[in-house]
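Scrolling down, you'll hit the structures one after another.
The same chain A turns up in both complexes below, where it pairs with chain B and then with chain C.
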Partner chain A sequence: MNALRVSGRFGVGMMGLLLASVLFGEVQAADGSASLLATMWKWAPLIGQGFLLNILISVVAMTLGTVAGLGLGLGQMSPIWPLRHAAQIVTQFFRNAPWLVLLFYCILLLPYEMRLGGLVVAMPAWIKATVGLALPVMGNVSEIVRGGVQALPPAQWDSAEALAFNRRQTLWMVILPQAIKPMLPPWMNLYAVLIMATPLVSVVGVEEAMTLTRFALSAENRSELLLPMYLALLIAFFAYCYPIARWTARLERRFAVKL
Partner chain B sequence: MLSRIAASLLFLLLTITTALAGVDDIKAIQAKGVLVVGVKADYRPWGFIDPSGAFVGMEIDMANEIAKRLGVRLEMVPVTTANRIEFLRQGRIDLILATMSDTPARRQAATVIDPPYYAGGTNILARKSMNFHRWQDLRGRRVCGLQGAYYNRPVAENWGAIIVAFPGVPEAYIDLLAGNCDAFVQDSSLIASTLVSDSAKWADFEMPMETFGEQAWVMAVSAANRDGTFATFLSRLSVEWHRTGHLIELEKNWGIPPSPFLKTMHEKS
Partner chain C sequence: MLDTIAERPAPAAVASARPAAAPAVMLANVRKSFGSTRVLNGVTLSVKRGDVTCVIGPSGSGKSTLLRCINALTPVDAGTVVVEGIAVHDPALDKLALRRRVGMVFQQYNLFPHKTALENVMMAPIHVLQEDREEVEARAVALLTKIRLLDKAHCYPGALSGGQQQRVAIARSLAMRPTIMLFDEVTAALDPVMVKEVLSTIRDLAEEGITCILVTHEMGFAREVADQVCFTDHGIVVEEGPPEMIFTQPEDPRTRDFLGHVTF
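Up next, the complex of A and B:
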């Protein structure tokens, strides 16, 4: 709770910083050029659209990564050893690879369009970037799933076996429903990390908020705009992530008592 | 006169080679109904965006003209110095029109369109108080540059400057204004247009060196379509633009100081 109060104050502090940097810029720009706030307001709709793309990328990457990661995580606990080992290697690989490098790989390796029979499916850069971000998410979700399942008391498995559940039934009907709760907070933390990583896609030419901010700065060609505009972007990300952080913390508290 | 004969001979040659090779990539573009051009979005006034997100600038005007002549829709993809050739190779764009200077390596990787539509050399933007006069003065100095720019290496190797490369022009300007860099090595035409665009802010700055290595700015299409109809068409268009003075007019419209290159090309043709 304390940490939350501190980060709340941090948000207020950032707002203060924005105001200060804008005021400082206004003093600098007193030579009759358009005011900083007016200029930033002019670009806000475009950069706002870019921010929606950040959110879209994060949601799609999280969905893809979670589905793939769930399969991989269960694979890590498979009784069939080749499958188990393969899943462990894949998990460790994607969990420990730099996100930016994976992004570059996806952008350069995936074709810009795919032919399925006679149908040509375009693969715009943002989709390739989303796949690139989904890979590390997959590796991390895999570990979250493994951790969540293994954190359950082994007696759960024994009891299910005593009730004549087979392995699949035990997993889906006994283990996973109980493991979801402890898995939720780290999963939400992962999402917060992911949304904050989405500006990485600007380096591969996707027109998200960060890229558009840079384009706007080039178009305005006013260096005093740089700090306030990046700060406004920081605040947008903070405003989006902070409620998620609060909610995660609340869930953590609630589940901590039960186990 | 001689150059005109040379130019017509060149065209004859181009037409013949095209006829022989017979790659009709214009047909392909017209069948698609859209021309995809890689442009700069962070290089005012050649290519940048307005608050609605639309691309504007001198090169964007040129791209519009090309699409109009082909009778297709224009789609623009923002590219950077580091990724534009890769995009062309992948087929994500049909044409590069993004402040690209002509180098032997790029001629290998893509089909460069002759004649060039613009040219600029390399110079630096620096505070007058730095008292730079010769390139040798940069030895051991921190010099801002752009990532992927071809002139970073000669400036570092020949004159011992320490290049600090940034992804875009605004970031480099901030560092320069803050005094973290002693100079910003850039295309001379960009520096000239910066100095006139906001004279108050850049009053203490100058472009002190002798411009070196004038490099032509070229359009480029895929290396595979070296003998294609599109390359021939663009080459003819470029000649026409020089002859009619269209490029000089565009340069003027976008507030770019007149470049000696465009003047020479116009007078020659």
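Up next, the complex of A and C:
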């Protein structure tokens, strides 16, 4: 809670800094060139579109990573030991690999298009990058699932098994519905980390907010724009993540009381 | 390993050769260790159909483990466990078929907290036995009426008292229409009034002819209701017999010592 209030103030501080840097830039700017604010305003729609791509990438990567991570997490608890060990190894690998390296691998290894039966699906760079980001999400979700399930009292397994539920029924009807609540806060934290990692895809040429900011800066070629433009980008990310963080904290508090 | 399997009668043979008065539950030389801890050291016990058997003994003597071996929640290391003609020790055991016939209730109730009392009772018959929902609901309502908790049907377990939760847990097991019920210290976490409620529910079951095996510290109940009392210590059944015998003239000094320490 305290941390949140502090980061709220931090947001206001960043705004102040932005204004200051713009004002400072205006003073510095050579006479005759357009005002900094006007220039930034001119680029805002394009960079805003890029930011939407960041959000899209994060949502798709989170969805893919969550579905795959759920499977992997359940695999980690499988009674079949080869499956269990394989799932554990895969989880540890993707959790502990640098995101940027995974991203490069996906860009390099995934084909330009994929054939699904007779259908040819194009794989543009942003899709490959999204898959690249989904992999570490998968590894982390897998651990969140395992943690959430193992935090439940083993007695819940006992009573489900004693009622002749099979393993699948036990998982889907008894265990997972109870494990979702404690899994939600870490899962939302992971999403915040993921959206913050989306500018990584700029290094592989995806035209998201970061790439477009750099593009605008080089097009304008004015050094006094550098600070305010990147600050504006920071503020955009902050404005998107802060409500999520607040919500996560609220859920965390609520579940902490209940459990 | 091989010869122990060879010694065991095949499940089919057990089922067909079962005489009319075969015990509902039969354990012979059952052994179980957790790592280096030997918990059951050759338990032998036989429970007649329709009887109430109370298992008593000091903490850590393996009472819970013994019960869990009967419905295969805990696999045995060696020995024979036959329940209603099903060879439970057989590695090829169909656990689900066994557990459809054997209900179990635990000390901590273990109701499903995300389901209402009624849903808790209805879940297994609907999803495990795949019975008609309306039929199951009628049965569940009848069960909740019997334990006098129909007014709490739509409450979540968190809103029920311990005794009420425990009675719902019993109803949940009964909804599967088991022929055998296992109770593991089901009154241990309850206050005296609730203990009475739960014990009277169990007494009703016994009168209906369901075979009941209880691990309990309620010596008064054991004395009054049990057909057989069985004293365990250090992973063996030290002594068993009708309650009047165990409680008034126990033969084994360990039984005497234990009973000397409990209050009635």
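The working rule: the second predicted complex is superposed on the first by the 252 of 259 C-alpha atoms of A that agree within 3 Å, B and C clash if a C-alpha of one lies under 4 Å from a C-alpha of the other, contacts with A are read in each partner's own complex, and residues count from 1 in each chain.
To be clear about the criterion, a residue touches a chain if its C-beta (ideal position, glycine included) is under 8 Å from a C-beta of that chain, and two chains touch if they have at least 3 such contacts.
None of the values given here were measured: they were computed from a predicted structure.
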Both complexes share chain A, so when I overlay them there, do chain B and chain C fit or clash?
fit
Does chain B (first) or chain C (second) touch A:Gln169, or do both, or does neither?
second
A:Leu108 in the overlay: touching chain B, chain C, both, or neither? Say first, second, both or neither.
first
Under the stated touch criterion, which partner chain does A:Ala20 make contact with: chain B (first), chain C (second), both, or neither?
neither
Classify the contacts of A:Pro177 with the two partner chains as first (chain B alone), second (chain C alone), both, or neither.
second
Comparing chain B against chain C, which has contacts with more of the residues in chain A?
B
So after the superposition, what angle do chain B and chain C open up at chain A's Cα centre, nearest 10 degrees?
150
So, does A:Ile89 touch the first partner chain B, the second partner chain C, both, or neither?
neither
Once chain A of both complexes is superposed, is A:Asp158 in touch with chain B (first), chain C (second), both, or neither?
second
Per-pair minimum CA distance [chain C against chain B, superposed on A] in Å:
52
Find the residues of chain A that appear in the contact set with chain B and again in the contact set with chain C.
none
Complex interface listing, chain A residues touching chain C
153, 155-156, 158-166, 169, 173-174, 177-178
Chain B contacts chain A in the complex at 41-44, 48-53, 77-80, 83, 86-87, 90-92, 167-171, 173-174, 177, 194, 197-198, 200-201
Enumerate the contact residues on chain C facing chain A in the complex.
71, 73, 95-96, 99-100, 102-104, 106, 108, 110-114, 123-124, 127-128, 169, 172-173, 176
Inside the complex, what are the residues of chain A that reach chain B?
31, 42-43, 45-46, 49, 108, 111-113, 125, 203-205, 207, 211-212, 214-219, 221-223, 226
